[in-house]
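After this come two complexes, each holding subunit A, first together with subunit B and then together with subunit C.
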Partner chain A sequence: MADGQAAGQTILVVGGGISGLTTAVEAAEVGYNVLLVEKTPHFGGRVAQHNKYFPKLCSPTCGLEINYQRVKNNPRIRLMTLAEVEEIKGSTGAYTARIRQNPRFVNQKCTACGDCAKACETEVANPYNFGMNKVKAIRHDHFMAFPSHYYMDPNFAASDEAKKLVAVCPVGAIDLGMKATVIEEKVASVVWSTGWKPFNAEKILPYGFGRIANVTTNMRFERMADKFGPTGGKLVRPSDGKEAKNVAFIQCAGSRDHNYLAFCSRICCLASMKQATYVRGLYPDAKVTIYYIDLRAMDRYEAFQKMVEADAGVRWIKSKPARIDEDAKTGNPVVVGENTLTGVRYEEPYDLVVLATGMEPNSATVAKVPCSDARYDEYGFVVSSGGLFSSGCSSQPSDVSGSVQSSTASALRAIQTAVNAKG
Partner chain B sequence: MTYDLTFAKEVYKNSEEGHWIKMCMQCGVCAGSCPMGFLGAWTHSPRQIFQMVRAGMRDEVLTSTDMWMCTSCYNCIVRCPRNLPITHIIHGLARYASVQGKADPKQPTHHFAKDIFWENIVATGRVGEAALTMKLYFKDGIGEGIKQGLEMKDSALGMLKAKRLKPIPFRGKIKGYPGFKAMLKKAFELENQKEGKA
Partner chain C sequence: MEKKIGCYICTGCGIGEALDVKALGNIAAKEQKIPVVKNHEFLCGPEGINLIRNDMTAEGVNALVIVGCSHRVKTEEFRLGVAQMDRVDIRDKCLWVLDVPEGDKTAKEDRQMMASDYVRIGCVKVKKMNDPKPFEAPTPFSKDVLVVGGGIAGLSAALEVAQTGYNVLLVEKEETLGGKVAKMHKVSPSRAPYNKLEENPLPKLLAEVKGNKHIKILNNTIVQKTVGAPGLFDVTLKNGSGTSVERVGSIIIATGYRAYDPAKLEKRLGYGSSPDVITSMEFEEMAKAGKIVRKSDGKPAKRVAFSLCAGQRDSSHLEYCSGACCVYSLKQALYVIENQPDASAYLIYQEVRTPGQMEDFYRKVQNEGGIFIKGDVKQVSQGGTGLTLDVDDKILRKEIKMDVDLLVLATGMETTVDTTDPNSASPVGSQVDELPGSILNLQYRQGPGLPSLKNNFPDSHFICFPYETRRTGIYVAGPARRPMGIAASRTDAAGAALKAIQVVESVARGAAVHPRAGDLSFPSFREEGCTQCKRCTEECPFGAINEDQKGNPLFNPTRCRRCGTCMGACPQKIISFANYSVDMIGSMLKEMEIPEADEEKPRILVFACENDAIPAIDMVGRSRLGALSPFVRIIPLRCMGSMSLVWIADAMAKGYDGVLLMGCRHGTDYQCHNVRGSALAEIRLSKVSETLDRLQLESSRVKMVEVNIMDAETLPQVINDFVAEISKLDPNPYKEF
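Up next is the complex of A and B:
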């Protein structure tokens, strides 16, 4: 039985987003030991960057909060943040994982009071908001951040200013002497759930992201829509801060395209429809245009599409735009292409164009499984094999509920491996 | 109406690179990318031509002048999300229309490729630019020829100066001309075999 589980039957979960959290709590709540390793300072992953979930349009902090409670209340889960799995050796049921613990420079005494950030003068581009605003070099990412401890950028930790901040902390939590450590753990099975990153839209040269100020991406737009985001929830043009009331969404920007990601990312159609409701909700006189090849409201989401379709302020154009130009006078992006239902070619200006960029699996680039037995599909998603399983967006593009389902399934498979390993 | 794939299959089999047409997902990127589209040079975009092939519109496709407007800029190939070699498919269709006797012999690009250029190169084994240009300019009569020649006079003089244009139109045949002719003969044989005309 699980109660007699030895240390060697631990399940290693890599990645602390919604998928990793789910696998961890599902396995731990039926009695198995879990080591949950997260590379960044906080859990929550991509979901923590979202303003609203589709289709219910509720806040992601709600779902994360429940999972954080389950994690906190479960002694079978060991947590590591700022930690990276460097190597996995061994075989099914008997792996050894080498894990590097990077320094946080703030210890667990931290109460997240924020006195250090107030005193800190050094500001850096905020990665949590894709660099759209500045943030202090000592911080937590957002008010729901878990664990609720601040962290310091490694470069800043070596500065003279960091030394001054040590005295500012009322509980003595700042520890500049922290060093990276490496540990080895024996684990029975591994669940890889390192998630995704938005496809780099700069690679889609004809669309001009990075060159045309008022061409942005869906994830940046999501941060803009958040009232705690860089614009305080206002949807504005990056070039002049004017309200974006004529907004175009371009689907399959980098997905379903052999020049970029050949697969369908599955979430972008719904995400754009959701973001259309942000625009229409915020500015009642706003116009939204959605350019699409064909709409893919996966699973049970057709009702959501019907709801957005019922809004006369949303226009749908069946076309993959050929390119985006910039009107030098107004800064308006001009979308150029052919309407494939009418055969008419168009050149239409907008206040803001949002590229619905897809999901690039981190397992294809920055988070490859450091194990010689790891298998991948042709796109870099991890294919489960032996005692190595993948879940969520490490296994295929999926939305949050799909990730949760796949992660629960992976928990069960990881448990089976752990049980069999025990003999 | 039944779904008739006869013409589509004919194109997949006989037109160069034509088999790619079945991969088209009708996204419209080629149409929006084609510089000729915004000039109003064609009636149907590559995307529409592909769908017309699949819809069995044999006469409409093969008699269309749209394929002959391609400038081979390759924008469509670069951007096509499904890797279709669109430029080559379009050239293939143009050639197939010509072989099938459906293409308008007066269509300038068709006329130039099939008659003027071909006759020019076969005659000597090399391209005689001056003769080629002259034939093209004078294809619609002496008046038109002189008018076009005067319009392009500066370009021609510039090219002469830069030694990009040979001043003497007729330089005779290439070395080993009989071999060149034999090669062509064999090529025609193979082509006729392929097209079932042997």
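Up next is the complex of A and C:
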């Protein structure tokens, strides 16, 4: 029972996206101590890069904000940003996690006044926008960033300009002497929620991403659609900045394909339908074409598919395109393939082609569980075992609702481990 | 203990340079009579915090007005264990949203006036606050969980709850546990490798449930009715030998799905006209019995067709997709063809929906020789060797005829939860002791079932908070909540189990659950002032308030989510929280200074929802997205649902020239965290013209707008346009009184 459970029982949650945040608040609101560790400077993870959620076309910030309030109001949750779990030792109910705290170069005194960013002249490629624009070397990633403390790019911290900035901060929050530190924490259970990254579209050679300027990816497109994103909300061709009014989406780009990701990433169909509404909403005279194998609008999302289908400006072609060429004169990507339903070959030029790339679990590459007991499936998703649990897209490709579902479940199982470890 | 307020004004972040802080301090000290008023150049720093802490210890300061930045930043620093506290934001919502050119005296003066007003109302707010005393539930208070439904979701939920150390009462209406899964032969893969049929998990699960000492199983039992609230639910259970009442803390509904009635399907699918057209469940029972045969003549069925989406994704039947039937049909196809080279399975589909790793399972069936046909069954007739199907094959682009032994219809899932439209629910008098078809038969003023959002499923925020129903302490797991298969149901049950435990632990502490998780305040009702108008009982989005026979509200604190909708609804102002009341907000707005009409400084009052609109305003400041009119004064509200029309009347009487309300999107895709708050405010506001008419004021002086959290960019214009509209009117004549 939860009475007196706080006695030394802590749940470690790794990853501060929607899954990790959910696990943390749900467990803490039962009454357990949670240590929530995030690798980047801010919480929010992948969903914080999204302009809107399907099917309500509402802002992810709305739900994130409530979760941040729940985090802020709950003293049982300890937060670490810029922190990485390096090793987990021990056994179910009694793990020791070694956590590396990387330097932020801005301390707790930061009031988020923004004077430092204003004064900073050095700009760097913006990882939050996939390098599509530049940002100050000292910043927060987006204006809803939580925590709101600024952080400094580690490569910039050694520069002369960084030294000058120290004096700019009115409260002395810039601390260039910050060093990485390592702490050890005893935890009863661990929930791995490190999410996903977009599959590297460059690997899909026939589609020419990286070679053809006007072939982009769904996540980049999502950043473009954000009015605070790199293009100010305009949907434009990377080659010449012209408005993209004839846009094709190619589903399963790198998914459901043994050469790339063999599984289905679940969200991409809906994401493209959603992005079709961005195009049609912004440019009423625009045309959208969606190339698909199967349209996977599960359960109530069906209504969203029906809504997009009702738009005569959206054309659907059942086909997995063979390749994309580039029209050298116009810079138009030309999609080549055969329509499965008509048997007709097509070769169609577009202003912009968006590849609906899938999810690669971070746990397969950059965020493996540093524990010898960790188990994975063949794609690198984490299989829960012992006191190590996975949630959200660390366990399977999920939409937000599914991530919250599995994260709530993992919060319970992490609690059970804590309860049973206590005896 | 007597209240002693300390007001601490931060002069950092440019506040000290921009504003006359001494004058602000005088407002707090002299005008507002705050006993301790101090400035600090860096209040959120260690020294500043120590300054406050020392006063708390040495001076007995026990209530705080912190003047500086937004409450959304520096939360941890100012977590000083003081319940009576307000963060007066003169940085983000004043300094950072006003355009004050160098040397512009008027603009500077206007800014000072805004900051002064904010200090005033912060002081008033804290004066009007009391410590919230957490609700102490009467005894016996129960932390036990009732699970209704003994299928895979219910059994899983029961076991998950029990394994966390809580007692479970598991109620099953049938004689045996197991539900639909008991009839299943094998199940589709739930774990790696995702290409193998798995043994039915039920026997193992049943053994665990039956062996768990925390679980009490009641078969042949229904819930006749449910009275009460989280921690205090009294559930009347009925079985063959009579009824009994059990007290439980929270409830998980896991009553599963109802398969869509195949008799409702079009004749073209042949159900009812041939015994060899069967449903998925009928096929499953056959497989379990080890005999996949034609029902017509008992001969082995070697050629089996599966029609997916039978009566689904179809506006004449279920408009949604049931999500799990594709995988389910793939599983059944394997029953037919795996290791049986002379057998054929035809899957006639619209789309094959096998998300995630289930794609492996799809490939498995392809590799085993499953034949996939994209198209529709146009007609079923009796042929020479069995059924003949006319299929419109969309890939071959022609109608084909197929002879098969069996046609299996993958019908969809409907929830078994009875839903209630709170707006048309029967009032208290018609509550009945037993209501066939109702899972819980809640004795709630707003009706016996759960409110639904879409397709009768009983959720309320299905993207971000999928477990939230509109009945506190009652959660739904498995396909009763949303269409899903077995593996997902088991996960879902664990999530619902967490919520069921979380609610009893929270209400045991007197704390609210989502969205105001941890809030210890709750409304109190000054009963003698009640006129039995029933607005509070009708409007509470969570059905927290019942009625007695005379129409008096019967409040259930542990059902309450603290949104304040009841407070906003009450025309008699009898409902208030220790730290939030009609009087508090009314006093705040009255405390601001209204310049004389001839000063040409109109005053526009903005009520902003603190969940979405306030963060958006903060973002205007933080990112310097534009300047607001210096004539606006913003008061955050818990939720637009708590908006009282009294405040509008007060504002008009006080001499404000206009009132702007900023609430969340409402309607079908509402974003209000309290579901109905902004919608109710809009309805209330439709009646405001009466008030304005009585005062002989233009109705355009009061307006409500929807504000999304990401509307920061357009927000200055929305506000400034309203100010401009109001400025076209004559000044509010009540300024002179």
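Here is the rule we go by: the second predicted complex is superposed on the first by the 417 of 423 C-alpha atoms of A that agree within 3 Å, B and C clash if a C-alpha of one lies under 4 Å from a C-alpha of the other, contacts with A are read in each partner's own complex, and residues count from 1 in each chain.
The working rule: a contact is a pair of C-beta atoms (placed from the backbone, for glycine too) under 8 Å apart; a residue touches a chain by one contact, two chains touch by 3 or more.
Everything numeric here is computed off the predicted structure, so don't read it as measured data.
A.B. asks: Once the shared chain is lined up, is A:228 touching subunit B (first), subunit C (second), both, or neither of them?
C.D. replies: second
A.B. asks: Is A:256 in contact with subunit B, with subunit C, with both, or with neither (first, second, both, neither)?
C.D. replies: In the superposed model, A:256 contacts both subunit B and subunit C.
A.B. asks: Between subunit B (first) and subunit C (second), which does A:320 come into contact with in this model arrangement: first, second, both, or neither?
C.D. replies: first
A.B. asks: So, A:206: does it touch subunit B (first), subunit C (second), both, or neither?
C.D. replies: first
A.B. asks: Is A:239 touching anything from subunit B or subunit C once the two structures are fitted on A? First, second, both or neither.
C.D. replies: neither
A.B. asks: Going by the contact rule set out at the top, does A:295 touch subunit B (first), subunit C (second), both, or neither?
C.D. replies: A:295 sits against subunit C, while subunit B stays out of touch.
A.B. asks: Is A:340 touching the first partner subunit B, the second partner subunit C, both, or neither of them?
C.D. replies: both
A.B. asks: A:133 in the overlay: touching subunit B, subunit C, both, or neither? Say first, second, both or neither.
C.D. replies: neither
A.B. asks: Is A:122 touching anything from subunit B or subunit C once the two structures are fitted on A? First, second, both or neither.
C.D. replies: Neither partner.
A.B. asks: Count the residues of subunit A touched by subunit B and by subunit C, then name the partner with the higher count.
C.D. replies: For subunit A, the partner with the higher number of touched residues is C.
A.B. asks: Where on subunit A do subunit B and subunit C both make contact?
C.D. replies: Touching subunit B and subunit C on subunit A: residues 256, 340, 343.
A.B. asks: In the complex formed with subunit A, which residues of subunit C make contact?
C.D. replies: Interface residues on subunit C, with respect to subunit A: 12-14, 42, 44-45, 69, 72-77, 79, 143, 160, 163-166, 191-194, 313, 319-323, 351-360, 363, 394-395, 397, 454-455, 457, 461-467, 482-484, 488, 491-495, 497-499, 501-502, 505-506, 513-515, 517-518, 611-612, 615, 619, 622-623, 664-665, 669, 671, 673, 708-710, 712-713.
A.B. asks: Mind listing the subunit B positions that touch subunit A in their complex?
C.D. replies: By the definition above, subunit B touches subunit A via 25-33, 37-38, 44-45, 47-48, 78-83.
A.B. asks: Give every residue of subunit A touching subunit B within the complex, in rising order.
C.D. replies: Touching subunit B: residues 206, 252, 256-259, 293, 318-323, 336-340, 343, 345 of subunit A.
A.B. asks: In the complex formed with subunit C, which residues of subunit A make contact?
C.D. replies: Listed in rising order, the residues of subunit A that touch subunit C are 1-2, 18, 25-27, 29-31, 53, 56-59, 61-63, 65-67, 69-70, 72-75, 108-109, 111-114, 143-144, 148, 170-171, 227-228, 256, 262-266, 294-303, 306, 340-343, 377-379, 381, 383, 396-398, 400-401, 404-406, 408-413, 415-416, 419-420.
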